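Here come two complexes built around chain A, the first alongside chain B, the second alongside chain C.
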Partner chain A sequence: MIFAIARKEFVDAWRDGRFRLGAFVMVILLATSTLLAWRQTERTTHERAAATALERENWLGQGQKNSHSAGHYGVNVFKPVAPLSLFDRGIEPFVGTTLFLEAHRQNQAAFAPAQDATAMRRFGELTGAVGLQLLAPLLIILLAFGSVAGERERGTLRQVLSLGVSPRALVFGKTIGLGAALACLFVPAFLLLFGALSSAEWVSTADVGARLGWLALVYGVYLSTVLFVSILVSTLAPSGKSALAILLAMWAAGSVIAPRLASDVVHASMPLIALADFENEMNEDLQKGLDGHDPRSKRMEEFTQRVLRENGKARVEDLPFNFRGLAMLESERLAGEVFDHHFGRLWDRIDAQDRAVTFGGALAPMIALRTVSMGLAGTDFGRHRHFAVAAENHRREFVRVLNEDVMKNASPENQAYAAGRELWEQLPVFALDDVGLERVLERARLAIWILIGWFIASGMALFWAANRMKASAA
Partner chain B sequence: MLVARKLIKRFQDRVVVDELDLTVAPGEIYALLGPNGAGKTTTINMFLGFLAPDGGSVSVSGIDVAQDPVGARRKLAYIPEQVALYPRFSGVENLDYFSALGGRRHTTNELFQLLERSGLPRAAAERRVATYSKGMRQKVGIALALATEARALLLDEPTSGLDPAASHDFSTLLRRLAQEDVAILMATHDLFRAREDATRVGILLGGRLAAEYTRKELEHADLEELYLERLRS
Partner chain C sequence: MKIFGYELRLLWRDRAAWILTALFAAVSIYGLTNGAGLAESLSNATVQIEDSGRKFDAQVRELLARQNLDPRQVARQPLPAVLPRAPLPALAAGQADLAPNFEMISLFRLEQQTDARSELENPSRLLSGRFDLAFVLIWLFPLFLLALAYDLLAGDRESGTLRMVLARGVAPWRWLLVRTLARGMPVLAIALAATAATAFVGDPSGALGRMGLACGVVAAYGIFWLALAALVNGFAKSAASAATAVGAAWVVIVLVIPTWLNLLVEGLHPIPSRAELVASAREASGAAERRGGEVVDSFYKDHPEWAPATKQVDFMARALAVQEEVGRALDPVRERFDTELSNQQRIVERWKYVSPAIAAFEALTDIAGTGYWRQRAFKDQVATFKDTVHAFYSPRIHQKRVLSKADISTLPRFEFAEENAAGWRMRTVWAVLGILGLAAIAITLAARRLSARALATLTS
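So, the complex of A and B:
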């Protein structure tokens, strides 16, 4: 019986011109946006690879010079493009993609794509994720608002129940049938994307298939929840029109207003430090030390005395190595502590903001979905932080190698020492060991649980509504 | 068989069905007459299990509706004033779906035959029901009763709005079902059809059975006059 109901719902859905039109528009929008995003992502991947190669060429071709000067010459590193950013752009348009690595300074990533955008960008980008988060629920509402209320108005509900069909079986069958109609639309789209990504030569992330699988699962849970809620409202509403009005109001509140509101509330209650203040405080701590009572000059003086004492010398000139190189190493170590403190505090704050916004998913599941989607696509703040930390580690290693070279080779007798290509080649090209899927899922755990909570709660509410349908049907 | 024993239904303080005793035996067509609000549809709703009685009981083919509403519904077919069908499906597809819900599977040929027996030709049965007249819809309803092999049939104003020819066709089908030992309870305002088709006629007033006549008793009486007399009293 449930199969018969599901089959009838499936066929009825596809015979419904409104659904077919909605599905057609949806497919065209998703296909167009994905194709455009594919081209852009592929182009950006190639551009960044070319820029990395050019940077390397410049670095290797900088000529003979003092190693420390090479540290100031610096090198640009580029954030690798996450292949699934073609599906969900996340925060990518608003954060920098390029980091300039140089001696003494930890820089922030620069050149956010949004800086190059036209005013049209303020409307946002249409991506697969936006389509599934915003438009797919509308399609589900269009499909399901009359699923029970429409039958009640038409009189077919009485007809069906008079045949001995239990309301639970009816609702269950409808859910399966409508879900299958929607699956016919979305599953092939996911499979197509999976196939295309698997065969694309520019896709290097090994776990892209697993990530896409998780995305399919998470979006499946979210869209199922929307379907449950739509059928639930249709079951409880007095008419199809009121069901549609209620569902559209819920869509606007949950998909448009709530994410904006959650973000604004969190920003107001947990504000971020202004960029100028951040820079000022960091520069002050670089000079005065993190405790504010231990000036840099004093610490360097103490360091000098300790090195002389340990080597049994009275003057730095008598040390068996270039003290300037060692002092720069120490200076970098001290600066590193300050950078770790300030950047760590800033990033922890952004992480806390993200977590707080995710809690808003308890009121609107789309907020939780966005968190998981961005994480799996590799376009969330977690990956950006991972890139910034990896780039900073690379910078410190690169500066250490250069300063050690100064220490060892630029002796007082050899003041004109200049390193060359041999040393530059010892410094590896920056390569990001991307955030593993396990860590992504760990980070998105709260959001995933919220989505599961919504799925279970909406399913139970639908079960409850189906059980009380008898009275309302008569 | 359809049986109501001391059946009571109240809506807030108003008694809509008041200790109604009613039995419709297999092969019988029972016409329940009464003005609007007399309790006819409420009685049918209690047989269907859509409304729970406040007193008394109803049973269908020996199954207590309160105890096993789904089991009771499996024994009956229901034809409302306007048979509700799915407009994007053809007549035969509607019949296929509804009979599957009623627990009966038929081949497509059998379904066409059932519809033809109910007076709906194959060409019409293949068309989407959005284009159907009310009479054609009623025929699908009768075909459904045949398809589910219902032992009891509940009809709520089935001939209201039908043209005379469609009404006559419908009556012919009903009588054929009665010959197959189906117990038929028909709530109606159509005195002509009640007199023509019913084996018994009951007049419901204020939820009570005010009078009951057999076909034999009506052979030499004017049902309209009897009915109006009861209303006036």
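So, the complex of A and C:
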């Protein structure tokens, strides 16, 4: 019986002109926007690769100079584009893409693409993810608001139930039928994207397929939840009109208002440090040390004495290596601790804010979905932090090699020492070892559980409402 | 007029309408205070920078009154270029949380491709956007208007009231328009009150004119949505189909068209790659430095008047010559950035009337001073200021001339000049007219629809 109802519902859905129109418009919109995003992502990938190559040439061709000067010359690294950003751009427009690595300083990534954009950017971008997060639920609401309430208004509900059809079979048959109609729309789209991505030569991440599979699953859970809730409201509401009004109000509250409200409320209760304070505190700790007791000069003095003692010499000039190189290594180490502390604290705070916002998903599941979607697409703060940390490790390694070179080769007798291309070539090109899928899922665990919770709760509520219908409809 | 008063009385007794109106008042107040908070924190952040800049400037002037100074020493200190607080920041956050509102200008780093820094911010928050008044006005205000007015006619038809009313000889389109307007009145009044309140957050001097125009934009935008509700009412067969239609219209106008236009604009006129600019800048400076002596020689060939009396060129003069060479290499790349961004904005200007949400948003950010135009003016003025700094110090450093009392009056100092009022007024007035034009089209269609099928079909 369930399947007969499902089939009827499925056929009805596709015969419904409004659904067909809505589905058509949505497919056209998403197809064109995905194509545009595809072009953009591909172009950006090539651009960053070209810039990386050019920057490598600059580094290698910098000529003969003291290796510490080369540390000041520094090198720029560019954040690699996540291929799935063509599906979900996430925070990418709002974070820097270029990071300058130099001696003595940990910089922040600069040049967020949204800074080079018109204010229109603040309307958001129509990507596949936005389409599925915002527009697909509307299509589902349109399809499902009248599913039960409509039959009740027309009087057919009473007739059907009087034939001995169990209300549970009716509700679940409808759910399956409508779900199948929607699946006909979304599954082929995902398969198409999967095929296109796996054959594109510019896509280098190996686990793109797995990530896309997870995305399909997560969006499936979310859209099913929306379907359950829509049919639930249709079952409980007195009329189709009020079911529609309730669902549209829920949609507006959950998808339009909730994300902004959640982030503003969270930021009001756990604000981020101001840029000027961040820099002042960091500079102070660089001078005084993290514990605030010993000034930098005193630490370096102690270090000098220790090195002299260990080498059994009285003057730094008598040491068998260039002491300045060693001192710079030590001061980089001390500075590294300060950077780790301050940047760590800043990033932990951002992570904590994001987690608090994700908790808002308990009230509006779209927020939780967004978290998971960005994570899987590789366009969330987790990956950005991963990039920043990897680049910083690269910087420390590169400064270390240069300072060690100073220590070994720039002896007091050889004041005019200059290193050359051979040394520059020893330093590898920065390559980002991307966040593994496991860590992505680990990070998104809270959000995934929230989505599963919604899925189960809405399913159970629908089950309860179907059982209850028996009494009220008779 | 009678219908209007009658409708208001009906509205007064409608509990749902009260709830909606109260909700709208609540979100408006929240949006207003939230936006005002952002403006506050942004201007606090630049106070310190501006102060230190002013102090340094005063110091130099004071010293110069007494003694000569070495321009190389003075030029070392970076000068802050600060964008002052926007004229009406509580109205719309716009790009204010994203675009930098100050830049440090330093003679020896004019060509450095460093980021002009903006305040630390969680990127997810930038993605979500602020819950500011502009969000309430552009996104939520129409929703509330539509919720109050979407099913006037369909509801009346379903309940049978329509037949009785029309039997009294009231023109159906007038009946509908007046009722729609009355239904929208409380929410419209709250929106206007919230907009008016923005002028009194902070310093109201000079903000009143802007606030007045902002009210014009909000009123026109509200009227457009009410007209749309009336139009849908004319066509819809049932309350449910009316709800579907107004919901779809809202989604298309506020969500789909703007986001799609955004994508299209960036696809048609992609901004050149920042990554490439950064790498090319380094390439150019590397090349210039390697050719060091040669660059200096050719530089003095171009600028014989700047050549030092003694042939000896010091390190700083050479650095300046190299910098100028780099600038020449980068100018075309930078120009491409500017051109593409202007092209993008031009498309937005041309197509903004496709969706009144875009036209109204652009107008509100423009009035608030947080939109494209003021940011653009700031960028341009910073670029000009860099030229000024260069033109002031470079010849003096090359010729090893000292700074003296006579230079006090021309010492470079950044002062942001607001755009002259005619510019934004023109743009905003056009936006208001455009939105009203769209509203007029909707009203005409609704009126024609209702008069044509008035008695025959509506009541059957």
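Following the convention adopted for this analysis, the second predicted complex is superposed on the first by the 473 of 474 C-alpha atoms of A that agree within 3 Å, B and C clash if a C-alpha of one lies under 4 Å from a C-alpha of the other, contacts with A are read in each partner's own complex, and residues count from 1 in each chain.
One rule holds in what follows: a residue touches a chain if its C-beta (ideal position, glycine included) is under 8 Å from a C-beta of that chain, and two chains touch if they have at least 3 such contacts.
The structure presented is a predicted model; accordingly, all values stated were derived computationally and were not measured.
Trainee: Quick one: classify A:Leu161 as touching chain B (first), chain C (second), both or neither.
Mentor: So A:Leu161 only meets chain B here.
Trainee: With both structures placed on chain A, which of the two partners, chain B or chain C, ends up touching more residues of chain A?
Mentor: Here the partner covering more residues of chain A is C.
Trainee: Please indicate which partner A:Ala37 is in contact with in the superposed arrangement: first for chain B, second for chain C, both, or neither.
Mentor: second
Trainee: After the superposition on A, what does A:Ala416 contact: first (chain B), second (chain C), both or neither?
Mentor: After superposition on chain A, A:Ala416 lies in contact with neither partner.
Trainee: Is A:Glu125 contacted by the first partner chain B, the second partner chain C, both or neither?
Mentor: Second partner only.
Trainee: Please indicate which partner A:Gly90 is in contact with in the superposed arrangement: first for chain B, second for chain C, both, or neither.
Mentor: Touch status of A:Gly90: second partner only.
Trainee: Based on the superposed arrangement, let me know which partner A:Leu248 touches: chain B (first), chain C (second), both, or neither?
Mentor: Touch status of A:Leu248: second partner only.
Trainee: Let me check the overlay on chain A: which residues of chain A are in contact with chain B and also with chain C?
Mentor: On chain A, the chain B and chain C contacts do not overlap at all.
Trainee: Can you list the chain C residues touching chain A in their complex?
Mentor: For this pair, the touching residues of chain C are 27, 34, 41, 45, 48-49, 94-95, 98-100, 114-115, 117-131, 135, 139-140, 143, 147, 151, 238-240, 243-244, 247-248, 251, 255-256, 258-267, 270-271, 273-276, 278-280, 282-283, 286, 290, 337, 341, 344-345, 348, 357-358, 361-362, 365, 370-372.
Trainee: Mind listing the chain B positions that touch chain A in their complex?
Mentor: 45, 48-51, 69-74, 76-78, 80, 82-86, 88-89, 97-98, 100-103, 148, 154
Trainee: In the complex, go through chain A and note every residue touching chain B.
Mentor: On the chain A side, the touching residues are 1, 4-5, 8, 11-12, 15-16, 154-156, 158-166, 470, 473-474.
Trainee: Of all residues in chain A, which touch chain C in the complex?
Mentor: 18, 22, 29, 32-33, 36-37, 39-40, 43-44, 47-48, 50-52, 54-55, 57-58, 61-63, 76, 78, 90-91, 93-98, 100, 108, 110-127, 130, 134-135, 138, 142, 145-146, 240-241, 244-245, 248-249, 252, 256-257, 259-264, 267, 272-276, 278, 346, 350, 353-354, 357, 380-381, 384
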